[in-house]
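Paired with subunit B in one complex and with subunit C in the other, subunit A is shared by the two complexes that follow.
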Partner chain A sequence: MSILVALPVVLPLLAAGLSLILHRHRLAQRILSTVSVSAVLVTAVVLTVLVDHRGPQAARLGDWPATIGVTLVADRFAAMVLSVSAAMVLAVLVYAIGSPMARDTAQHFHPVYLVLTAGVAMSFLTGDLFNLFVGFEVMLTASYVLMTLGADRAQVRAAMSYVVISLVASMLFLTAVALTYAATGTVNMADLASRLTAIDPAVRHALSLLFLVVFGIKAAIFPLFFWLPDSYPTAPTPVTAIFAGLLTKGGVYAIIRTQTLLFPSSGASRLLLTVAAATMLIGVLGAIAQNDVKRILSFHIVSQIGYMIFGLALFSAAGLAATIFYIGHHIVVKTTLFLVAGLIEEREGTAALDRLGGMVRRQPLLAGLFLLSGLSLAGIPPFSGFIAKLTLVQAGVAAGTDVVVAVSLVVSLLTLFSITKIWAGVFWGEPEDAGLQVRPHPSVALPRLMVVPTVALVAISVAIAANAGSLWALSERAAAGLIDTGPYLEAVLR
Partner chain B sequence: MIVSLAVLAGVLYACGVYLLLQRTLTRIIIGLVLLGHGANVLLLVAGGRSAAAPFGGAELIGRVSDPLPQALALTAMVITFGVTALLLTLAYRSWQLTANDEVEDDIEDRRLARRAERASEADESPSAADEVLA
Partner chain C sequence: MMRSTILSTATTAVFHTAVLFSLYLLFAGHNQPGGGFAGGLVAAAALVVRYVDGGSETVRSLVRIHPMTLLGSGLVLANVTGIGAWLFGGAFLESAKWQWDAPILGVVKTTSALFFDAGVYLVVVALVLMVLRTLGEEGEPS
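What follows is the complex of A and B.
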């Protein structure tokens, strides 16, 4: 049983090592990455089913007692997020392999990508604060390298600010871990859950805020999001897509995990509600002001993070379930949109709105893919985004937070507006500035290995909407597991 | 011992933050290194009073210093070391590309700033015309 919990971390790390040895054989590297990432996906899905039936599963590495050694824990929430993430990792990997600019020809793309996968899995599965730090570092260090694979001027400039901001957050994280250890004498999260209730409430509150700031920087919530729209768009598309889908969600996951397990609150948190509303609003306003497809989408990430924090801030079963459902929907849709943006760039040589136009006639498939996922992002029925937002709004109304609900609805409208802006700029009409237009080899069809994963992701997003009933029930059970932490604690400390 | 270590951690944090706020990449990197050292010293302080080296079995608990924060600090050091090496490479690459050690402005930010400047100039010019008329 416990081996299953460790596999998503161990497998990609082993494969990364092998991949380094095989660096002269591109085909072997590609097969190795695809096989190991697929194995992670299968493990994650099996784990989700298993955990759903038998409750949280824990693995004690090296068989040290839980409070001293490193523990990996899978509960419904972790297993669900991991499954969705693994599916994205696989889709983006195929997309990167299929890209004719061959993003994966950079010598060390495959090993680093596998290390990123291991880091993501470790951050989701860890049951230990310090190990969470290590997981984040593994994930982030791999992301620094992926971001600068091209090593051109724009990438180095963007990566520099990204690395420095992330490192400041990491050092704060380390400080928070040290202070937590000083206050309680443990870094095991299950153990902390009981020990933190015994310490001075003022210290407890300070620690809670410190963790909120640390993970807030990583999740890009207001007012800590400024690094994101600057750094994400310059990276190669497959890299941006995986960052957009997974990295900030690692931060959101950590906020939810720490706030529910370590610092549970009985009612809605006014601080988190304010942060959520501000994040939604500022993010979407930023998106409206931009001219580049990837920058618009980057600002949308910020805005969407606000919705997830909103559900958490309610601290109700319905709110948390809505947040979990929202995370699943968002990871899929956001990754898809970036992959579509990458295809646009691939086709037309640019992603700037004023240089594009009329693509709906030339690339009807691309237009359809963008429309489906864009409308889903804005929350138009019957797509998955509608269900996610509906459940969130219902939970918000039930908790009496009418102002934030109103903000979230206005932001939905503004999201729709900026999606239509992309639609009008890219797919309709003619380029504003015909002189700047670039159109490389218009007769060549889009590379199939890039289109297939994009279509698959859109299909997943439609499947989420079609199976919303059972997925919502699973989200509700996962949320119940976050509120009643008994089974989680028992699985770790037994 | 603990007081002096706590003061040391404080000084390291202060110097680290000061250097971090500079515009030169090398200083920013040194600032991050100092911050990392500060955090590691803090981890050691978190382990409580220093005592004999923690070798032996469980019967020694209470008489030796706490080994867990030491293990944590060791891991954190390795991570900081690796990331610092990467940062130095990036800074070197940045210097190769721009022949400059300063943090560059974001291109989009500069574009927006220029647009704002132009807008304010446009606002000023009609008022200047009004003055001439008056």
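What follows is the complex of A and C.
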């Protein structure tokens, strides 16, 4: 049982070591990465089923008691997010193997990618604050390397600001953990849940705000999002796709975990509601102003994070369930869109809207993939985005937050507008600036290894919509587990 | 490159002592100050002194294994130590303890955590080797 909880962290790390030893054997590296990431996916799915039936599971590393040693905990929320993430990691891995970028830098890409996987798994499964810090650091250190793979001038410049802002956030994070330890004498989250209620409310609020700022930078919420649209688009496409799908969601996960477990609130939080509305609006306005597929999509990430914070801010079972469902939907759709953007770039040599046009005739499959996931992102029925937004709006109306609900609907409309802007620019019409157009090579087919995972992800997104009933029920159970923390505490502290 | 005689002589004197001290730190680490990380850093510092004295060629001929292989081995060793505990029915990273009478040293206590520390030691040394290699390389014309 405890083996299953630790496996998603241990397996990729072991594989990363083996991958380094095998750095001269490209095929062996590929097989190793694919096998280990698939194993993580299987473990995560099994874990989800298991914790859904038997309640949260904990693993004590080194068999030390929970409050002293390192604890890994899987509850429904963690296991669900981990499963979706592992599926994305696998899809992007296959895509990366097929793409030219990973071919050139393969011996570095594979080990670092596996370390990133371990970091992501650790951030989701950790049961104490300090290990959450370690998990984030493992994830970020790997991301610094991935972002600069290939090391051209624009990448290094963008990575510079990314590294600096991440380090600032990490310093704040470490300070917050130290202050929490000074105030309570523990960093174990289950232990903290009871001890934080005993300390001075002013200190408690200060800590709560500090953690919100720290994770807010990582999750790219307003007004701490400025680094994201600047740094993401320059990285190689598979890397941007996995960053877009997972890294900011690590921040959102940490916000949800700390706010529900450590600083639970009885009613809707006005601060979080304001932040959510501002994040949605500013993000989508930024997207409208852009003229490059990857930059538009990067601003959409920011906007979508706002929806997730909105559900959390309601602090109701329905709101949290909607947020959990939203995270699952968003990770899939966002990753898909970036993979499609990568295929466009691979095909036409650019992602700038004014240099592209008329691709619907040359690449009908690509157009179809983009349309399906784009409409899902905007929340058009019957796609998964519609269900995610509908449940969120229902929860918002039930809580009486009409203003934020109105904002979220307007933002949906604006999202649709910017998706149609990409559609019109890339797939319809002719390039505005014919002189600048990079001539496509009609004879060369798209690499199959890049197309297959993209199609698979669109299929997953459609499957989410088709199985919305059972997935929504699972989200509701996961949300209940976040509100009634009893079983979680018992699993860790028993 | 001009080599300084004073530095060369001092390096020869210091290098082996430093490596020996790093191994002492590695073995003492379980109950006393030291451990894989501190030991690895001392060994790496010894290699850096060699690098300053003789350049990247000296370091290359000293450690013939590719740093990436070394790095991977360290990571695998540390992981296998953790997984090993599972095979004996323990929790991940749970430490086992052995005690035996060695001919000269008397009663020696060994823990399985030593293998984990050895892994960390290798990772630290390999990382510094990698930095030394990269710094010593000619820049590719861009």
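We adopt the following convention: the second predicted complex is superposed on the first by the 486 of 494 C-alpha atoms of A that agree within 3 Å, B and C clash if a C-alpha of one lies under 4 Å from a C-alpha of the other, contacts with A are read in each partner's own complex, and residues count from 1 in each chain.
Methods note: a contact is a pair of C-beta atoms (placed from the backbone, for glycine too) under 8 Å apart; a residue touches a chain by one contact, two chains touch by 3 or more.
Everything numeric in this text was worked out from a predicted model, so none of it was measured.
In the superposed model, A:156 makes contact with subunit B only, not with subunit C. When the two complexes are overlaid on their common chain A, residue A:182 makes contact with subunit B while staying clear of subunit C.
In the superposition on chain A, A:20 makes contact with subunit C only, while subunit B stays out of contact range. Residue contacts after overlaying the shared chain place A:3 against subunit C, while subunit B stays out of touching range. By the touch criterion defined above, A:148 lies against subunit B but remains apart from subunit C after alignment on the C-alpha atoms of chain A. Shared-chain residue A:130: touches subunit B; no touch with subunit C.
Contact residues on subunit A toward subunit B in their complex (touch as defined above): 68, 130, 133-134, 137, 141, 144-145, 148, 151-154, 156-161, 163-164, 167-168, 170-171, 174-175, 177-179, 181-182, 187, 230, 289-290, 292, 295. In the complex of the two chains, the subunit C residues touching subunit A come out as 66, 68-69, 71-80, 82-83, 86, 90-95. Contact residues on subunit A toward subunit C in their complex (touch as defined above): 2-3, 6, 10, 13-14, 16-23, 59-63, 107, 111. Within the complex formed with subunit A, the residues of subunit B that make contact are 16, 20, 25, 28, 32, 35-36, 38-40, 42-43, 45-47, 68-69, 72, 75-76, 79, 82-83, 86-87, 90-91, 93-94, 97-98, 103-104, 106-109, 112.
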